[in-house]
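Here the chain labels run A, B, C and D in written order, and each chain numbers its own residues starting at 1.
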Amino acid sequence: MKATSNLKVLSNKQLSRRYWHMAMDSSSIDEKIEPGQFFNIQSADNGSYTPLLRRPFSTFRINENSLEFLYKVEGPGTAKLSEYTPGDYINLLGPQGVPFSIKEGTDKILLLGRGVGIATLAALAQKAFNQGIQVYAVLSARSHDDLLAAEALKDYCTEVVHVTEEEQTSGVDNVREIMNNLITFYQIDAAYTCGSRRLSVLLQNIIKERNIDGEVALEEYMACGVGVCYSCVCDVVRNNTVYSVKSCEEGPVFPIDEVVFA
Amino acid sequence: MTKTDVNLAVDIGGLTISNPIMPASGAFGKGMEEFLDFNLIGAVVPKSITKYPQKGNKNPRACETFGGMINSIGIQSDGIDKYLNHTVPYYQQYDVPLISSISAESVEEFEEMSEMIAGSPDVAALELNISCPNLENNGEAFGMDEDITYEVVHKVRQITDKPILVKLTPNVTNIQKIALAAERGGADSLVVANTLLAMAIDIHSQQPKVGNVMGGLSGPAIKPVIVRQIFQVREVSNLPIIGCGGIMNADDAIEMILAGATAVQVGTASFVNPSVMKDMIEGIRAYMEQYQYQTIYELVGKTMDRI
Amino acid sequence: MTKTDVNLAVDIGGLTISNPIMPASGAFGKGMEEFLDFNLIGAVVPKSITKYPQKGNKNPRACETFGGMINSIGIQSDGIDKYLNHTVPYYQQYDVPLISSISAESVEEFEEMSEMIAGSPDVAALELNISCPNLENNGEAFGMDEDITYEVVHKVRQITDKPILVKLTPNVTNIQKIALAAERGGADSLVVANTLLAMAIDIHSQQPKVGNVMGGLSGPAIKPVIVRQIFQVREVSNLPIIGCGGIMNADDAIEMILAGATAVQVGTASFVNPSVMKDMIEGIRAYMEQYQYQTIYELVGKTMDRI
Amino acid sequence: MKATSNLKVLSNKQLSRRYWHMAMDSSSIDEKIEPGQFFNIQSADNGSYTPLLRRPFSTFRINENSLEFLYKVEGPGTAKLSEYTPGDYINLLGPQGVPFSIKEGTDKILLLGRGVGIATLAALAQKAFNQGIQVYAVLSARSHDDLLAAEALKDYCTEVVHVTEEEQTSGVDNVREIMNNLITFYQIDAAYTCGSRRLSVLLQNIIKERNIDGEVALEEYMACGVGVCYSCVCDVVRNNTVYSVKSCEEGPVFPIDEVVFA
């Protein structure tokens, strides 16, 4: 029988205006945690129900005995998370869901992340790097301040390109050009994205044109996180048939070519 | 003081369950068995089934409000055939009765589906979700009208001797009248109740927070309304009541039992903690030991006597 | 970017108020003037008045539930004479319209009281609290029945040209029908809505938490139900709506306005913070400046257009 | 215009199983605070509304620049209060209500407190002591542990009698005898009570028989604390007429002879 886990907060730090980083002691979790999987985190104190529901977060870094999350303060759940201090305990449910996959023989991968989606890709970068795969990344955000949070990513990347609204470099056309150049130049085997519908559609097109593999980590609204509530569904096409599947169970990571972006 | 011998079993209209805690339809299913031993709970109640496969409503399908959540899942369903061929058999591995929740779009469809479901020997009882929209009446829920409630239940009663649970909608002026209509129709038990019709707006996008504009409010916010309705139904009907709405812990379950419920269903709380039903069963047992009650029946509706 | 010139004034059925924030009846009065400059708010709305002095219900009269409170105050009232001789004159020191909330036990009493209240030149508008129990109909609230709602409003309409606000009860199957009945009867504005009928039980004493067994649920817990009802009423009626139920801050008020309200009333929030209405007015202004709206009317019911 | 005050917690300590003591910096409150008055305290963090309503507490000690509260953890409000640590801020509304009165020329007073009602009487003891009045007290509680919390009271009292269920000394008959003896022996001028309906009725009878002054501090359920909601009413008899009055406004302290104990 699985159970939720009370994990000890090791650190919880503000990185930029709205981004925070939290590390937790995960030594009590036996299950292997893979990049792209998520935890449904109860930000409320036990029994306070404020906020009521858990909130899903994918892991930012997966270490031997600790887990790291990068999160953006949006509303009550993330605001509550930001109030925890080292030594506090937080209840997590997970790891849940299907992780990113790296095909046998992959040499070079390209990440396309936007906003907090970058957090989700970071764990993948870490894993790929550790397997000797070269990682390239195009990171998009509103402002440079938002990208500060992703600094850690560069430890695992051969090259990181930043695009922002602030600098007017984040338009789809520009990103397409950058992506295509990177794919061509480095002979990318697979590409992964998270954090933007617009960029997901772009990547879906690119991987078709360029005939490389691609995956997307979706961020649908989740209530239960265990596959019973049907909040988190998305449409996928398989054998020319559209299926509505639960992204907490069959995702959150999907082959990007099968996802129907609404 | 010796420990009281506590018996948690109750009868909910011809079906005996080992304890009064069961899941609410739509908030339970495969996926939770990793966190909860299904053999511990009184019954299993899978998500409402529709006749044909259907997709449910558009995203986003849920949002949180203060002390509650609004869901506009709709009934995402693989249809009754798959239900009978996959869902029902799946639950046979557990040693607890299976209650099948049925959603239909017309009285006739309720009949047809009940016939098919009741025909399965592995289904212990039917739950009629009369809170779902009646396409023959402008999409107003069946359970909003006395006569239609009577008709649905009465027609299904002709079809099966299995226990019929009728799940009322709380969105009515007078729940007593609807409860009595269901009783006259032949219900064995009343589930009080489904979700409160609700809406939330994101003030920045100025759009509804759920794709379907409105949805059903569940969670602790609604408990006081449901406790009141249980009490009201108990005042007029002798049918066993299954309380449902906002139960987060054993105390909430006990509150509903004191108000008049014989058993309870747990929805949203399982999203917060997928093994919460186990804690609730233990909590009820502890309460009964503390106050030396031997059976749940000593508690059912007790508040009425205390006034 | 220059600051938008924001105009918060709205008309609520013939009565212009300087901004859309006013108190909910029963959650406002003398005692609060020490914490809030009454001249800032759109209107003053004292507690509902009854014809004769009456004591209200037995203690305890309130309890807290998750995200809400249940009150069973009843209408504790000094009667209409004292109201006209003391309460009305007291509010003359403030420069905002006085809206008088009237509770009566029969249609005739509503007429009598409305005549007396409307006769006072210092009363700007009447609010008919049709959520109170109708003694001629088994104590069921007037506002639970279309015909009675029509009758009350229609009769009072004959008596006065002053704006008539009708405060609906949310405890109905179909609020649209009741709203339309009030509109047909001649209402100038609809307050949506009063409290949800509710109950809570102390599981240790096994007694109801309020002396009157049941009471009215208010506070953030009920907001999603009220937002839905505002939206529904707006769909069928052109009368200005005054949203009420669970507004804790400016965002909640804006949410109700987007759903279709022209103004809002604030109850429970004032118990948490007696000067909260001031913050709400400032918050609405800030929102309008941020999104460059000049009048409240640009926001009223805007969510309907965004679907 | 009055406003609610954010006061800094100076200390917050558990005294016995369910009793806690909190001290707050009250230097920002200009109004004079009198024994018997109460503060309507928001235990919830701003904007969390959990619990929703304020909770009323009378002052346990009133010092130059600080306020002390003695409270018993009952439910969510007091549980939340017990979580605050020095340096935190809590929002208080008050002082509210009518305080205890000490008539000109009073030499000796007698307090009859039960449970947490003792906290309310403590501030009165402090004030009386400082005015040179001799204070006697009969304190009742379930167990000795509950009375531990009231230790501080004895600094201000000439004599303190403890009665408890534990020792089977808290029966009304025994308390009546103790009270009568003290009144006779010390020539008590006035008596004050808080915390028990049963003991209030007893004191009501005693003061009539003995013809001394008496006051009671009621603890009716309060929602607003400012006189608008009518939650907190109690019946009083004045000139042979029963009135229902708001105890947050005309009380919580009343002449004991006028209160109708339901």
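Just a few scattered comments:
Basically, a contact is a pair of C-beta atoms (placed from the backbone, for glycine too) under 8 Å apart; a residue touches a chain by one contact, two chains touch by 3 or more.
In UniProt terms, the chains line up like this: A, D = Dihydrdoorotate oxidase; B, C = Dihydroorotate dehydrogenase.
Please read all numbers here as calculations on a predicted model, not as lab measurements.
Shared contact partners of chain A and chain C, listed by label: B, D. Between A-D and A-B, more contacting C-beta pairs join the chains of A-B. Chain B and chain C, compared by their mean Cα positions, are separated by 33 Å.
Distance between chain centres (mean CA atoms), chain A to chain D: 56 Å. Chain A and chain B, compared by their mean Cα positions, are separated by 36 Å. Measuring from the averaged C-alpha position of chain B to that of chain D gives a distance of 46 Å.
Across the assembly, chain D contributes 49-50 as residues in contact with two or more other chains.
The set of chain B residues touching two or more other chains comprises 66-68, 220. Under the stated contact rule, the graph of chain-to-chain touches is a ring, a single cycle where every chain has exactly two partners. Every pair of chains that touch is listed here: A-B, A-D, B-C, C-D. Those residues of chain A whose C-beta lies close enough to touch chain D in the complex are 48-50. Contact residues on chain B toward chain C in their complex (touch as defined above): 65-68, 70, 140, 144, 171-174, 196-201, 203, 205-208, 213-214, 217, 220-225, 227-228, 231, 246, 251, 254-255, 258-259, 287, 302-303, 306-307.
For chain C in complex with chain D, the touching residues are 26-32, 34-37, 47, 55-56, 58-64, 66-69, 71, 73, 76, 219-220, 248-249, 268, 270-275.
Per the touch definition, chain A reaches chain B in the complex via residues 1-4, 42, 47, 49-54, 76, 93, 220-221, 223-231, 233-234, 244, 249, 262.
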